[in-house]
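Below, each structure is written out as structure tokens.
In what comes next, subunit A is part of two complexes: it sits with subunit B in the first one and with subunit C in the second one.
And now, the complex of A and B:
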């Protein structure tokens, strides 16, 4: 145990007590982090070990058997033709969500950053879906997106025959993305707005004197300066998109077909509807690897793409 | 920050923002108004932006069909316990990582951060088995314990640490010279200064718990144990189709209180979260 020397204690005292200030402090530190460390061990790290252990077994809940099968579940993973579709749906969902979410968030932040009276009211309203209960929000959208629901009703007023949004493959995917984006884009919008307000005014003034058009100012000054926030929000949004479950469960139940069955939903079905706990665990490992790789990759990109860091 | 906008430019910006607002605001309006429409009007054409006829019995049915008061209480108290628990755990850990020198601090910090990469969706299968063995399935314990110690609380710890790092140390040093112990310094000096960070931790922890869906449907099986998100989906007819107006009434009761609190305290909400993002 390495304990930092504390200057408050006069040196050379032969009868110095064991509980020096530094030692007491060190103990305090350990006690302060103990709840978090113990908690994370029990509820995150041990389960992560267990999920890997389970993934090496065939687990029959009904017959109550738990047999070691080595890499068999992983072979099943490779041979699972449904999984390809699931991963495809996950990729479309996540990338669609991130692109749509970040561009809308940036657009809204730029708008809210203008000098306009009553802008706070707009900010509040754009942000409001973030605090609306997720399932309540999803239910209303599910209601709006019915064949004879509000959206098609409005379209019909203009003489347009709307599709059955949640029952056709392409529109179902678009629907779940859109519902999720409007729910949470307010968060990224606020982060972008804070970043925009942090860009020094002088830079714009200098650019204006040089006669740079607004778009060029945005591309050459604003974007590079807020790139750390773009990176941060894209990590949060991608990792968040891989966890989306309630919206799928309420709106489409993964359908039609497998078109909106994202990985978390597939995992839930395999483990808790079909009781394939072993294979469900293998899918969990896959989800973990994807989250870890994406986070790591984006962290690495920071060095290349982010121009400026405070 | 920019040059004054011309009146024409201003008008078009307002126009653009009003159009963009529709998908953000209209669903809430539609939810509230449709919840008081009789079932015959619910899919009426043309859509009734304002109800023509009112049927308030949808609200009494919300309470008749399910133990909705009990479910409301479940969601509320779980979110409250999770929020307070997370604030305690994460402010202590965040403070220690920012301020106190103790053995293996960096290694432990890395281990804790690893929790960010492991959302509870990844570990839901073993968590279910663990709580099953502990006799805690169909209780609220998993919904309380997993968030307080899992990935959401790790994020909170990170936010708290980033905040405490930026806090000037002079006050705490003065207190140490006066002979105050670590815990007292934390309680009396550091924690009161950390109110903005604590507020944002409280907000996102509360919302996270309030919105949990996968965990309740995995762990809970009896209606009086359900939380609101799960309960909302249970208003279905004999064929499993949703009873829309009743579902929307229940959704309104779920969404409106938080929405009203938000509108009253929107400045604290928005700035609190922006703060978190900048520091995180």
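And now, the complex of A and C:
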């Protein structure tokens, strides 16, 4: 009776109160996500919109002119004779990086997933490049890869004359990929290690009883069970590979020729070195589309290749 | 009674405070902070710049000048990014290669009237050739405060140890030619040390090779800048000569080989005279400074320049131009010339230059500095230079291989940069 009085609808009001529990919960939810939403709007969505807006203009920074040119920059993109070579270099870099990085990370994780004395030291050792400054790491590698640098000096001890790593098209690309892989392989290795340790031991025991050899156990038990991690690491690595910049800027400046000019470096050259901010923005849109399509395709592929996803 | 007294006091206080307040506001409004971007972070340079700024502030107490050092390698990129971000400096140093972009775009405030109006400035004594790249339609848009000739530093100890002739001996015998210079460099190169280094070239900054190919009368483009001339005989011959010096004679360290002349590891280096400060003090070697060797086209010299421009977009462009006039007046130019050789005729004499370059002998000053500044061509530059530089750099990578097809590669480069030159 008392409860009924407390919630009695006042005279003259036929509807329920505005702040219902559902509405209050919604407001709380919105308030909780607001800081993140504001951050994403300011640092991602608005810049993305602006980049698209700039891509429709010719912006001459020195002359201080900003002229609407419509689809002119997109036409330029189609007619750009260097773009195909740049996209080719980007594809070689990304695919080389993903294959080498994931294979090495998985191999290291399997090797380090042993209960041996002092294994933590090795795990730390392989992970340590991840926390080193990227530019410092690349500069040191730059010295090692010189014609008269450390690597060729080492090869000379064994009577081998090493190539001019950063000045020949094939070796320059391989060098940039290897430097990037050694820098970040520790991160994927740790993720794989965590995934491997989550695989139940009983499955291996059952397989052993059934007489399955080690490689078959790996192919039939380990790989399917760690497939969500493989998907995650491949997405992170591909997206990261498309954003590579410092290594190219420090080691090769895109050369020899255009052989290591990947899309981000080309974009930087157009916008910040040649002052074509409009065309640079158009290249950013292209990069955005490529990353979005690849990520979407990978998520679609998960239905086929990822098992046991929770 | 009390109320009236309080009211009177308040009126009097306001009468005193208001003019003071307005004065304060007026003073704050007049305060001018000028910022100049530079690519030097050298303490001695900054000390001198700050002294000059303090001298200006003494005459104009409301003006404060600060210097912002940006990294040398990415200087122009950082500067244009500041401009794009709406944070343009009031004044900026400008490389000679970027001069055409800045002068032709209208980004700079014209300086001629302000410099002419400055007391005792004497703009007429600035050599016309030095001002050429920084002027448009008869107006000076940036002041070329540094006009530094390229010359050859020599390590006599390394050359003598290799049993070769030193440049001084070759000059005395009237044989200071590119062929003989490379023969000397080759002898040192094959003895295990580096031969000749074109400093900062590093198979990237190809425009520094003008210090060699100008000896063949070569140029990357025509005088009007509209036509690529890299396929012409002088350039093909010059690059063939350089290629042989690298790959056959081992006279020039190859791509990817790092050798430092100033650490005593090479026979000779071509660089600007201001690099004399890098000569080692702890383990000194017997060094010399000589003019560039004679090429097939005769004697020549090359100069590098740096200009100071005032940004048109700045709020205080007029005051900034007045500061540039003060910074580059005859008195301050004399002070600056200890680091940055001046293009003022009154400062181009052996007496002044000896005082400001104590490391150089009288003969070196006469033959290298004075003659170099008076007759030198400026390093190649063009509107849209960054894009042209990149296209040529990328194209020339095919030349820096032992089996290069030099004429074919130069043909390709001309095809690439032709449309850029015509813009």
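Everything that follows uses one rule, which is that the second predicted complex is superposed on the first by the 278 of 310 C-alpha atoms of A that agree within 3 Å, B and C clash if a C-alpha of one lies under 4 Å from a C-alpha of the other, contacts with A are read in each partner's own complex, and residues count from 1 in each chain.
Everything below uses one rule, namely that contacts are C-beta pairs under 8 Å (C-beta built on N, C-alpha and C of every residue); 3 or more make two chains touch, one makes a residue touch a chain.
The shown structure was predicted, so the numbers you read here are calculated from the model rather than taken from an experiment.
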* Does subunit B (first) or subunit C (second) touch A:277, or do both, or does neither? -> both
* Asked: Given the touch rule stated above, what does A:146 touch, subunit B (first), subunit C (second), both, or neither?
  -> both
* **subunit C versus subunit B, contacts on subunit A by residue** => B
* Which of the two partners, first being subunit B and second being subunit C, lies in contact with A:48: first, second, both, or neither? -> first
* Asked: Between subunit B (first) and subunit C (second), which, if any, makes contact with A:63: first, second, both or neither?
  -> second
* To do: Check whether A:20 is in contact with subunit B, with subunit C, with both or with neither, and answer first, second, both or neither.
  => neither
* Is A:28 contacted by the first partner subunit B, the second partner subunit C, both or neither? -> first
* Asked: So, A:269: does it touch subunit B (first), subunit C (second), both, or neither?
  -> second
* **Residues of subunit A contacting subunit B in one complex and subunit C in the other** => 146, 148-149, 272, 277
* **subunit A contact footprint on subunit C (complex, rising order)** => 76-77, 80-81, 83-84, 101-102, 105-107, 203-204, 254-258, 312-313, 384, 386-387, 390, 393-395, 397-398, 400
* In the complex, subunit A residues that touch subunit B -> 1-4, 8, 21-22, 24-30, 32-33, 35-40, 42-48, 50-51, 54, 108, 111, 113-116, 120, 122-137, 139-144, 146, 148-150, 153-154, 156-157, 178, 182, 186-187, 190-191, 193-195, 197-199, 201, 204, 208, 229, 232-233, 239, 242-243, 245-246, 249-250, 264, 267-268, 271-272, 277, 280-281, 284-285, 287-288, 291-292, 295
* Structure fact -> Seen from subunit A, its contact residues with subunit C in the complex are 59-64, 145-149, 164-167, 253-258, 261, 269, 272-275, 277
* Asked: What part of subunit B is in contact with subunit A in the complex they form?
  -> 1-5, 10, 13-14, 16-17, 20-21, 23-25, 27-28, 30-31, 34, 43, 45-47, 88-90, 92-93, 95-97, 100-103, 105, 108, 111-112, 114-119, 121-130, 145-146, 148-151, 153-154, 157, 176, 181-183, 186, 207, 210-211, 213-214, 217-218, 228-230, 232-233, 242, 244, 247-248, 251-252, 254-255, 258-259, 261-263, 266-267, 269-270, 273-275, 277-278, 280
